[in-house]
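My structure is below; once you've seen it, I'll send some questions.
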Amino acid sequence: MSGSVTQTVDMSVKLGSLTLRSPVLTASGTFASGREFSDFLDLERLGGLVTKGVSLEPWEGNPTPRIAETPSGMLNSIGLQNPGVEAFCEKDLAYLADVDVPVIVNVSGHTVAEYVRVIERLESEPRVDGYEVNISCPNVDSGGMAFGTACAPAEEVTRACRAATRRPLIVKLSPNVTDVAEIARAVAGAGADAVSLINTLLGMAIDTATFRPKLARVVGGLSGPAIKPVALRMVWQVAGAVSVPVIGMGGIMDAEDAAEFMLAGASAISIGTANFIDPTTAMRVTDGLVEFCRERGIGRVSELTGALRT
Amino acid sequence: MTSGCACSEHSVAPALERVEVVANDRIASGVGLIVLHAPRTATAVRPGQFVHLRIARDSAHLLRRPFSIHRVRGERIEILYQVLGAGTRLLAERGAGEEMDLVGPLGHGWEIPPGIAHALLVAGGLGAAPLGMLAEELATRGVAVTVALGAPTEERLIARDLFENVARRFETATDDGSCGAAGFVTGVCETLLADEALDLVYTCGPEPMQRIVAAQAADAGVPCQVSLERLMACGIGVCLSCVVPTSEGQKRACVDGPVFDAATLMWDRPEIR
Amino acid sequence: MSGSVTQTVDMSVKLGSLTLRSPVLTASGTFASGREFSDFLDLERLGGLVTKGVSLEPWEGNPTPRIAETPSGMLNSIGLQNPGVEAFCEKDLAYLADVDVPVIVNVSGHTVAEYVRVIERLESEPRVDGYEVNISCPNVDSGGMAFGTACAPAEEVTRACRAATRRPLIVKLSPNVTDVAEIARAVAGAGADAVSLINTLLGMAIDTATFRPKLARVVGGLSGPAIKPVALRMVWQVAGAVSVPVIGMGGIMDAEDAAEFMLAGASAISIGTANFIDPTTAMRVTDGLVEFCRERGIGRVSELTGALRT
Amino acid sequence: MTSGCACSEHSVAPALERVEVVANDRIASGVGLIVLHAPRTATAVRPGQFVHLRIARDSAHLLRRPFSIHRVRGERIEILYQVLGAGTRLLAERGAGEEMDLVGPLGHGWEIPPGIAHALLVAGGLGAAPLGMLAEELATRGVAVTVALGAPTEERLIARDLFENVARRFETATDDGSCGAAGFVTGVCETLLADEALDLVYTCGPEPMQRIVAAQAADAGVPCQVSLERLMACGIGVCLSCVVPTSEGQKRACVDGPVFDAATLMWDRPEIR
């Protein structure tokens, strides 16, 4: 930790055809479309902004209560509540028109056709820089995670989305599987430019005062520091299994956590639940990564990717 | 603050503010009053708004906890809190000089429409918390304030002094009859709605109480605002954990509320208890 | 919480043919064979003592470091170090000869034949009351978890062990699967008298100071409060899928946690990592469950099983 | 304590003990001394044993932390600690009057074989911690004590007063030469092994240092005991996280150690750094 070293650190990373100014992205569903965070940080310093899940039609989401705190984590069963792609274009993309940051739209659907139609609608929007296809949401009854827990449907969604766009296509993987590397290989083979992981782990909590589940939907997705060890392990497995870049996430709270994910093989990382705890996290992590590299004489943050010494 | 309206359009953007505990005292069984040095929030906050407080420093209790601002005194804010679970237990242990941080001020607070002359504030238990600042603000603006305050027992009648100071009329109800009317505060509310010429009812307390107060106000033809408590992860409108069904669709309690016009709330839905 | 109610609570539970005096067991590998805990608690008040994993031959385990702390949890890669079934009989069972507590031996093997031979060796030991077949250890290279992540091998091990004994046979399930209910059905169909879950979640942690994995074996098993939501969800899924009793575990630290597992459908519960944090946990949980039932006017702890109101 | 042997056979069974902080002071940069009221442990503990301390109250930092007992004074135990990570940072924040709990006394401490006349204690940095009680015990038993204490700089020479009081000869080494010999304490150790007629070497410090001291002692034909630090989950012998390769197979540092006969340790294995 030679505090005197003061060279600059190149924070840019390549994600397939996208070059990002920083490896720090926001995780879908934890950052809306950024507007609310403009009070707390400079959106233009983000590597990219991954939006809340967008579906073809408006989705109501699940009944409340939708969240529960758990040890070092939280459960959510929001259920992809969103006003649909049309409203997204009108409001969210309009807001983002004046913000200089790569926009990656998280895409949801009940059927393969719905995923494709969301992408088709967004193809004409110049403000969209790429797509993250969510085949891993544990909080919707049809679609969502069902696509992400077996190779064939994961491949099918990916192939259909790939056919609909030449923009960067990221597929977001579910951790609720026996072999995440196998799914990653399937979607990479089907044309994904990158994979992102992990989405939430399926979990549950019970209120012993009422004998009721804490979530109205009974089960929900676990996120936050509690899942970091599982997320890191999966990123490491997937980075070893596919040649496309990996976006890592799951419980990242600070720059050390982010560095762990990059060492395990991630080219970029996403801040999720931490946005709720400290809305400035993405900046703290960005500044912290610069410092992390500087202290170690590392000139380019991308050198961290896969640098784990095993 | 133009046109006497405390609506969110005029409120200051929230920020992450590092605050210091000035004092933290138990004021009734299971209830504490914490005073924080929070200059930015103290200046910016409007009645009915809240702050999202980081109580724990490590990750075990990960989420922030939302608390209404009870009062502002100079650069200090006061929070009334009930010790319920892990977070509020930790809060009760915090001593003068300790640091925490908050995100705030947050939410859409009480609306004070221009031209109202007489308002009724109905508080059940800790529901008194967000009504303190409101009572002071109304009094400052020359609006007559009547307060109905309920609690299980006299000792738990929160913020009596504040309300006694500013209210033209102040009634209490206790479940055990140890102070004021015996029974629920809704009984008092009913009487006051009949007795007084009221322009507006403001209420906060347990939802079953709020439901009754809203119905009573509606029957009396008096507009009513209620402050709702919802589980909140972000507090700033992004996570959609705090949604409330209204006649205008699902609204987020953290930014569209916590104060809602009772007439827009869908009281028949299971999401409102 | 009417503190005045003072009726007694029947703490006994049935686990197939076994009747236990309490639903509180110890989780394999966190309690050795009990001796070390006799300084801290009364072994005879346990519902049952589940031993450390026992294999046919002595196993060396994995290189150190073998543990790492993680947010609200820990990783371990002990690797089933044990002196083999012969030494187990000589030392551990000899010690337990004088302790009045049901003994359930956790059985490990690299091959189906090894599992069977461990059981065969133990069949002649009167001090053994049942077996827990570990098909879910993430810390050994062959055997272990490999048997527990697909139906066919899980069924095969279970059937072979079933053929080797008429004693109660519990199969311990891995959480590192897409569909735990499916595996539970498979082992129940193959003759398991009960299932226990969850074993640890496969995880990883990285030391950012050295760029090395915190565990010498790189990956290990995550346990502790962090995994409780996942464990509860799986217990709930499995209890809904099979008719054999379920033993629930994963992050239980206190009686409330234990009650959550029973409400989700567990007939008994096991204390694991918590034994390290507070060696009196099993007693605290036992006393706490009595109190929990008493406060609610519940006469038999077994009434909690599956009493979740959804 | 029969036959002058502090081996585990004679030690008292561990227990869970609730303890209170009596004092907690920073004594060097990054080093604290915490005094705990722990009557049971104070009576039972033998030199070289340790306690497993629960520092955090919630689950974020789940595991206990092992610390040697540095000294005992009446019903109080003293622990020297280096602030390294989350747990020791929390420990440094604990103030007088706060409660914690520990499991202890644990482990197999230093052996004091009957008949030894002169012992050398070699400590690197915080390695002084478990040697304090030993030095006092040896002196009490009339064993001549020579101490070699090393640290990066004078300020970091831990427990000087204690050693100066009981040692017949006391030598120091600092990396920067600010006190005693310039360089590593192993240099001093070599000299002392040549100078003095020693019956036994006791050492604790960084493992590379211990390795050298063990080799020097072996060359000089003097028996050597080392106290090892290992990651420990349970501290009581059940989890097998703390194993150390020895000529007698894998041993658990928490119950078979932390003190080992240097001759039995397999210094060539990567598990010993």
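Here the chain labels run A, B, C and D in written order, and each chain numbers its own residues starting at 1.
Note that in this section a residue touches a chain if its C-beta (ideal position, glycine included) is under 8 Å from a C-beta of that chain, and two chains touch if they have at least 3 such contacts.
The model shown is predicted, which means the values in this text are computed figures rather than measured ones.
Student: Under the document's definition of touching, what chains do chain B and chain C have as common neighbours?
Tutor: A, D
Student: Averaging only over C-alpha atoms, locate the centres of chain A and chain B and give their separation in whole Å.
Tutor: The computed centroid separation for chain A versus chain B comes out at 36 Å.
Student: With chain centres defined as C-alpha means, what is the inter-centre distance between chain A and chain D in Å?
Tutor: Computed from C-alpha means, the inter-chain centre distance equals 47 Å.
Student: Between chain B and chain D, what is the gap in Å from one C-alpha centre to the other?
Tutor: Spacing between the chain centres: roughly 56 Å.
Student: Send over the residues of chain B in touch with two or more other chains.
Tutor: In chain B, residues 59-61 touch at least two other chains, as defined above.
Student: Give me the residue numbers in chain A that touch at least two other chains, ranges are fine.
Tutor: Within chain A, residues 71-73, 224-226 contact more than one other chain.
Student: Taking touching chains as linked, do they make an open path (line), a single closed cycle (ring), a hub with spokes (star), an all-linked set (complete), or other?
Tutor: Chain contacts: complete, every pair touches.
Student: Where on chain B does chain C make contact in their complex?
Tutor: On the chain B side, the touching residues are 59-60.
Student: In the complex of these two chains, what residues of chain A are touching chain D?
Tutor: Interface residues on the chain A side: 71-72, 225.
Student: Considering only the defined contacts, which chain A positions touch chain C in the complex?
Tutor: Spelled out, the residues of chain A in touch with chain C are 70-73, 75, 149-150, 176-179, 201-206, 208, 210-213, 218-219, 222, 224-230, 232-233, 236, 251, 256, 259-260, 263-264, 292, 307-310.
Student: Can you name the residues of chain D that touch chain C in the complex?
Tutor: On the chain D side, the touching residues are 13-16, 54, 59-64, 103, 230-231, 233-243, 250, 255, 270-271.
Student: Considering the complex alone, what residue numbers of chain B touch chain D?
Tutor: It is residues 56, 58-61, 86 of chain B that touch chain D.
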